[in-house]
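Before I ask anything, here is the structure I am working with.
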């Protein structure tokens, strides 16, 4: 999409790699069917490095040759796309390592000290609601699915100042949350039964203690850290019952649209805010109930870039924020990550609203 | 849920029927797993009739005994629930008959005369948008999923005055709509490939003419009738290309919320309306892009009735209106029917917005 | 195969029934795919009776018209074929009734008195071995798979005088037979794990007692009756360990070929025979280790009759004898019934050799 | 099985490898479930080499310490077992490479010159039949499944002097062999339809010429070479129609038992033998119709070695001879290879009998 049409005299590293590394772009020609991807013997590691160097050098040449604005934007989009894959690589690596009973670690398997700090009390910030604007306004790069910017109506709501923690999730487990079908969506309950869910993905329980596989190895679950590797179905089932003494049920906010554009809404000034809403970025992706569907007046762009995100706008839910494996430069309030409701391998958790 | 707790001295027709006829109510105890339902030998037909008479008589007795308002409402809810199943029965009957190569008809298989009338031109009515209210206001019965009534913000939009027709669908087929992956959602394209979709469910093509199986037998497709038995995926892929000369693409309205509550919005007076928006009820259910999710402040009721619709609020899309097999008394503007996006056996079609 | 080609002026009851009731005969044209058979709405019961009467009358007419020997044999083959289906009907009926938690009985559900008689001791009859002849010799009707008659070499062997009983099977269960993988074939163990086998099909255990579903309803398992509804995998796993004190392991005879042609072999005269080998016919089909493969010089006949049994000569094992639901006239020493090794719904048990 | 119990002071290279590399030995403890094997990240290549060196050294030490006869035999059995895996490795490598559209070759992809030599005429050698002995007699090492030696009765038969060739297989294809259901076993036809078989595995047809993937790359099919990568179902369907003018149908010999022990039977001296039966070893494994079942009086040995082959004695057919990827030292007339009838990835072909 970039080098062949725009860099004069560019020669592909290997014509056959177009087929090998085409994940789903029907516009780019034939490709290996997804369920049989694992059957392909990959090029050897040094070949892959050589391929990468070949690409990097050609992109540098192209950038040095004063490309048009259109080409420059395409390259920038490519960099953002690669960042998405960087976090998927880490997500997949954890998943693979967790399948392996000899428990290899991605790096430094030193045990994390389990913090004994008192769990911060759950507090909420109130927001006024009203008509606001959300979506990317096309100043700077954004994925197609982040726009167009448009108006939304929000009713007044309260948002938890922090994420749901592992300690709170253990309470949910101890309360029999994974065994009470009335808490669950029908589809989620079927999935939970079929796959035998009884705790977050990667957790194991030994002598009454919860352990989990992380990129740093097999460790005790840290009670004050945000719960992670839970599906939307679990997120939906779990936080119905808030702390005792709290009459009103906390409900999760239908946050797509106003979650990360919060600064555009006004917190009620009367409420003491302490530090206000925390842990928005860099911990875990936060499930929302919003479907990943096109914003009003969304129009797919033509060509291979055009099928970028629009094609996936069915059967998935929006996640907001970012996780601990998201590259730092990749944070953008209007970004909408998306996965099916049963997804557990993602670094995803939840926040009450 | 009705007779055992509320009719004094009521004795079940057969204790074992609770198990046999429990479709999905976990609160009502054990039940046959869905995939193995077909393995159960049913009670004989006369037993089923006797069972029905037993129930009818007991309900009549209960109604004659001045039941509480709560019980009366429960019975009314039961009647509405039965109406839903009546249309599902006809939907299933068509599906079964269509599997049978000897093509039995549900009734009077006389061929419908294919109307030669000119297809009415496609016209649109404009609406102003703004903040309106939708959802059931709890005057008269409604399903739990129809409320609570709440405010929604709608941008100005145009709505087609009639449904998409079979003639228009044939154009979509002839334009290669079922072969152009760029028109389709990724999930829809995978399904279409896997199941070999090339026309609406039940259609067959012979000597260049389209035939279809209906409850009245195997018939020529009527070009001026609304297209029916298409999935959301097909609806989404199809109507992108508007009339020639029309620069702006028609987009389907994200209609859940304002579709059938249209009278609460004001059509722009400047537009000539002729007869205005037609075919809202009684033809085909109309796919919307809206997920079947809870309205703001939706709270599930406790008990078996409580799991009525809330449990299904994931992975499904809202359909609005009603179809030709919906019992007449079952029309309600706030009703939200719901099915997964791949559903084709329903009497569902589409309207441009 | 019979009436259309051979009865002058015969008119089919309904042309479409050829499709509907064609189970697997590719030579007879199109048919409903097996996994979707259950989707076909059947003709009504009175139509089915009328169809049967139509056929019976036509066959009677044909038989009265002095048919050729070839046609007469074809009709006789059809009668034998129908008898096979009669026992399959009863086998299927039991299977269906057993799925139904309200436990309908096929007939007279009076409980069978559980015999308290002492279990007859297990005795064996010795056979000399040598070269014998087996297979049908074409005097009288036989299925194609029963011939040609040919020579077989058998080593001396001992055959149990009675079938393995339910009491013995309970011992196998109590010995942990269903939990000791070393006893099982690899394929059988995988199946047993996947389907959770822990006793014969249809058995349930309540308060330490074994019950089972029979055509006469839900009953206590009779300890002295032959065990039934076990697969070949269970038969193979179970009887390795003989009575204590018996050093030599009893091995199951590779009996296809000499089992029911026993009278052609000579029992060693020195052994006292009492009543000799009992329960050969009319109790349960007896699994053998012999594959269902063609006898030497077997040649398939041309046409639809030709594909009668030869097509199934892979992946199945031979069963000998007959069961309690085999029509009495259907017993024939050379008959070879055949099923895959995992089959449990058949009335099949085992005999030690 | 060898080092831990028998080499004093032996320490495993890595305790966790026992789990990782346990393929199916339930006696050796837990293991990764087969369908999820591909999910395990393997140890790095240098670790694997170090592991191998560790084992080799320890075995050398053990052999140098004058082990008991039992231990020596166990080591020899291990060597034979490894040879089996060596040929499976090559079989799997070809399979993987053939999935890869960029067609990597295992070695030297120089095109094989397609021999233009005239196909040798098909001739047969006659054998007298009678009672012979087969099976391993326990002089020298053999797998458990090769014995006990026992008597078999064979009728006179004729055996083709060479294997079926690619040229003959092309005739079968051109005759519509893959489209004529009457030629096929029912189970085989279902498989062929489901997987779209129309030629041997790995074959592709371009401009009327057949190409195939080999360990040496993508090459024209050599007409005079033995056909390979066909299942038993294809072998069974194919060679029914012999040369024109040959009235009697050639039938495949039920060869297990006498195939490779041919020298124990006497060819009829009257027949001119030229070179006699050729291509017995080192070309392709030859399908037989014999089930892989225990020889008379076969007894499984106790322990992990005991489950060596006996556990697999169901649902598989015997193949005789050896293939081009069998290590030379691994040839033994009594060896019985075994695979399910649908297997195509093996280097397996056929010989007429």
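Chains here go by letter, A, B, C and D, matching the order in which they are written, and residues are numbered from 1 within each.
In the analysis below, a residue touches a chain if its C-beta (ideal position, glycine included) is under 8 Å from a C-beta of that chain, and two chains touch if they have at least 3 such contacts.
Given the structure is predicted, the values throughout are model-derived calculations rather than measurements.
Asks: Starting at chain B, what is the smallest number of hops through touching chains needed to reach chain D?
Replies: The distance in steps between these two chains is 2.
Asks: Among all the other chains, which ones are in touch with both chain A and chain B?
Replies: Per touch definition, common to chain A and chain B: zero chains.
Asks: Can you give the whole-Å distance between the Cα centres of chain A and chain D?
Replies: 49
Asks: If you average the CA atoms of chain C and of chain D, how far apart do the two points sit, in angstrom?
Replies: Distance between chain centres, rounded to whole Å: 34 Å.
Asks: Where the CA atoms of chain A average out and where those of chain C average out, how many Å apart are those spots?
Replies: Computed from C-alpha means, the inter-chain centre distance equals 58 Å.
Asks: Out of chain B, which residues touch more than one other chain, so two or more?
Replies: Answer for chain B, listing residues that touch two or more other chains: there are none.
Asks: Looking at which chains touch, is this a line, ring, star, complete or other?
Replies: If you draw each chain as a dot and join those that touch, you get a single closed ring.
Asks: If we count contacts the way the header does, which residues on chain C are in touch with chain B in the complex?
Replies: Where chain C meets chain B, its residues are 14, 16, 19-20, 30, 32, 36, 38-41, 96-97, 99-102, 104.
Asks: Enumerate the contact residues on chain C facing chain D in the complex.
Replies: Spelled out, the residues of chain C in touch with chain D are 24, 26-27, 131, 150-153, 155, 181-182, 184-189, 232-233, 236, 249, 251, 254, 289, 291, 293-294, 296-297, 299, 306-307, 311-315, 341.
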